[in-house]
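The following pair of complexes shares a single chain, chain A, combined with chain B in the former and chain C in the latter.
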Partner chain A sequence: MRSIIEYFKEIIFGVWSLLKGMKVTGSYFFRPSTIVTQKYPSNRNDLVMFDRFKGEVIMPHDENNEHKCTGCGICELNCPNGTIEIISQTIVTEEGKKKKAIDKHIYRLSMCTFCGLCVKACPSNALAFGQKFEHAVFNRALLIKQLNKPGSKLKKGVE
Partner chain B sequence: MLPEIVALNTSPTLSVPWWKVVYDFSALTDWIDKSLHNSMSPFWTTITEMLIIGVLILLFYALVGLFLVYAERKVCAFMQNRLGPNRVGPFGIFQTIADLFKLLFKELIPIKNADGFLFNLAPFIVIIASFMAIAAIPFAKGLHAIDLNIGVLYVMAVSAMGVIGVLLAGWSSNNKYSLIGAMRSGAQIVSYELSVGLSLITIVILAGSMQLSVIVEAQRDGWFLFKGHISAFIAFIIFLISSTAETNRGPFDLAEAESELTAGYHTEYSGIKFAFFFLAEYINMFIVASIAATVFLGGWMPFHVGSWEGFNHIMDFIPPFVWYIGKTFFVIFLMMWFKWTFPRLRIDQLLTLEWKYLLPINLFNVLIMAFLVLMGWHF
Partner chain C sequence: MEEKEITNLTDEHQEYVINMGPQHPSTHGVLRLKVSLKGEIVKSIEPHIGYIHSGIEKMCESITYPQIIHLTDRMDYISAHINNEAVCLNVEKALEIDIPDRIKVIRTIMSELTRIQSHQLWWACFGMDLGGLTCFFYGLRDREKILDIFEETCGGRMIVSYNCPGGLMYDIHPNFQKRVKDFIKYFRKILPEYDQLLTGNVIFHERSKGIGTLTKEDAISFGVTGPTGRASGFSCDVRKHEPYSAYDRVQFKEILFDEGDTFHRYLARIDEMWESMKIIEQLIDNIPEGPFAVKMKPIIKLPEGEYYQRVETARGELGVFVISDGNKNPYRVKFRSPNFSNLSVLNHIAKGFKIADLVAIGGSLDLIIPDIDR
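Showing the complex of A and B:
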């Protein structure tokens, strides 16, 4: 008797679980708004990438052309591929002290695997990930980028 | 069969206005028959009519095949949150035509050590089996190539013949994957044919006939799905499951199981011969769906409710062909929904489902239906 009850229980549970699966796919089918595919080349102009997308490493500058990079070189040490090269210089501050500062933050896009270790390791949050992803160029040299903009300065208060 | 001989030199005319033809095709077919009889002997009339029907069915076959492939890709895409084909023509509607041309131009690769004759014969057997089945299906009122008095049996028998082609393809390819796929397909069809037959017999008991035109006509005051209530509903569910298995479609697509057997029985086929298998799969789905629509959902019969004269009259304004296509595509959509929702069964699960669940339930269901008919407890 128990096995007969089990038999019918199994059938009912089976049908119920199948219907549950069909509900999921059916709800997607009847709501085209859930489609995630982008018609990429034709929507280039208004394409918005998602927040955590890793397009390239950038150094954000504010409106006074100031960045937060102190030139400490921790990102260079953390990079597993040798993508980043820090060229530092010694500057004299207003109080007359000698201090190490960034001269060029060289970033070789062709060697980057977008692992994100540099961004995580930076003590002053000077680095971030940008959204640009169309990186194809005809000359390899164009992939070597300088992240700090020319004439930019260290932001006040960042040590 | 042969109509009375019409006096010569009186060209027959359509007995009804041309726009009424969509409601009853028999006026049009009669007119064609009489016109042909006027101009040639009965023998050549029959030959010409058969040729016309053959060409029409071929055209229909190709169009439905192309459309179903497109529909499958779109339905699948929407269920997986994708867009599907959308580059060739508006909404990608010409995608399958482009695919067809690609397949036509591809090389037919000869297989070393394959059994050449059987290898070339197999796709044609598969195609012919589905082609023969389509002839017995009533598409609309008066649009019915052959109305056999054992229509249900004929369609079942002929559509099950396709498995011979599948087995031949697997055997003659001289390839382990193909052979395993073909054997799986054989085991599957042998067991599931039983369920398909018994679920159809449930309705044959209710209808009291195997003739498809009689079955359709018997549903004038309500479809069998509603007339036979519980029993018919169970039979419909079982028919859907087992016919999906019979057409080798997912979740029962063990015969071609992409992840295990590359492509199963048609691994070694290329170009148009592969296209034949591909097309036959979709046409089989169409045939099975039209049988389900005809037997359970009333075929071309509009949605009628018992004695609601006004309601029935409004429903009659929609042409029968539209009803037929609508119901068939509803069933096809259900089958696609199954395919893109459920994971593939293992071979032992497949056989367990048939022999331990579907068959006993089906046998009881036939008994219940016989009892219902005996007591007159149906509508």
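Showing the complex of A and C:
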């Protein structure tokens, strides 16, 4: 007799515990706005990332097409994976002095781990993080980027 | 009808060997378990590891100390912040630097947030392993709130890279305190829902109570730490026994159970989320003023010697052992990862249970495979 009572008790407890769980899911069924996090592909146009978000490394240029990179190579030294390669050239300044300057700042996005060491180490704040995060391309070669824009030159006053 | 036994075969031949993994959803990564079965009963399990071996320890020998951070991020990627903290604390210990209180408090808050999001993800996946897909959605929804906090302050969501030897990479975001307080308020309301959904569920009880029991003696001899060890009564919380960062100034309880089965490993993690919230609440309102990083030399060189630092990650005790020969690169780095020890106990506790229980037991150990293979 006792075992029968136990048996039915277990069944009632089981059904009750399932109903308790279904109460939670049912309540969300009627207020779906609390369960949706982001409608990602459809909110693409007005999606704003946080300002510190590490999407990719960029080199900000001002309106005169000038950047702050002196080509010192500290970012290249700090990068753990060899993502950054700096090709420098020797230029002659207006005073007639020979000076080392940047020719190409090569950034391989495919090797970057977004650790932020290059941006932190840069003595002239030439590098920054961009917010773009959709990096999928069909050709791997497109992931090798040149950060300094063609024809750009060093901002005056940055040594 | 009488059951017929095949007698002309030895016991060895009657065993049926199957491969669980490396591409099995319940192993949460590329772990291959060679399972010997007799009928439905598990006879022995032989884990084959190394599918995602990335040679992190060896790579550490050729890079500088600040660069190690981005590798430890990828070791136990769910508790990345705590791994980074271990390396940073080790370097700071070797250089005998005094770390300002502000850094200690921020690190502690971040570590506890990491622990909560790790347990949320675990809860989500554990529910999914046992057939409750709803848990997965709910767990990830709440985890998103913490990842947003990380994204705003650190720039990364999972792979945060927020620590650096001598402090933090950037200061906390002005919104940080408000967001964390909002999250705690929100999650205190949500966590009882987890209990209603899964903890009290009768199917979950049947599948987890008394399954995969680990005794305290075995937990100690296998070196099982973290919530898995504490569910067996092994008091192994590094935060309590050897406080680092700001853990010596907060009140919290070490969660201990005696039973050591899958259900109590589950309860240990749920209770740890409550405790983590308590720790954050004690610290979030009084973050001291001060610098967010100590000025370090551009090239960090550790003095010659051996250094060891252990921390409590979301899965157990992580130890970082560094031998330095005075150069800017370490001579040798060894990580004592919690998951490797936790995996070693799987054969011991899953023997004699059904193959379906193996999924529950494996899920309750909360294994992260890149941390095992390193």
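The definition used in the following text is that the second predicted complex is superposed on the first by the 123 of 159 C-alpha atoms of A that agree within 3 Å, B and C clash if a C-alpha of one lies under 4 Å from a C-alpha of the other, contacts with A are read in each partner's own complex, and residues count from 1 in each chain.
Keep in mind that, in the parts below, a contact is a pair of C-beta atoms (placed from the backbone, for glycine too) under 8 Å apart; a residue touches a chain by one contact, two chains touch by 3 or more.
What you see is a predicted model, and the numbers here were worked out from it, not measured in a lab.
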In the superposed arrangement, does A:60 touch chain B (first), chain C (second), both or neither? neither
Now for A:52: first (chain B), second (chain C), both, or neither, which partner does it touch? second
On chain A, which partner touches more residues: chain B or chain C? C
I'd like to know which partner A:26 touches here: chain B for first, chain C for second, both or neither. first
Could you say whether A:80 touches chain B, chain C, both of them, or neither, answering first, second, both or neither? second
Check whether A:115 is in contact with chain B, with chain C, with both or with neither, and answer first, second, both or neither. second
Does the superposition put A:35 against chain B (first), chain C (second), both, or neither? both
In the overlay, answer first, second, both or neither for which of chain B and chain C A:18 touches. both
For chain A, which residues lie in the overlap of the chain B contacts and the chain C contacts? 18, 21, 24-25, 35, 37
Flag every residue of chain A that touches chain C in the complex, lowest number first. 10, 13-14, 17-18, 20-21, 23-25, 35, 37-38, 49-50, 52-54, 78, 80, 113-117, 120, 129
Complex contact set, residues of chain B against chain A: 75, 78-83, 86, 337-338, 340-342, 357, 361
Interface with chain B, chain A side, in the complex: residues 11, 18, 21-22, 24-26, 28-29, 32, 34-37, 39
Would you tell me which residues of chain C are touching chain A in their complex? 63, 66-67, 69-71, 73-74, 134, 137-138, 140-141, 144, 151-156, 159, 161, 164, 169-170, 173, 193, 196-198, 200-203, 205
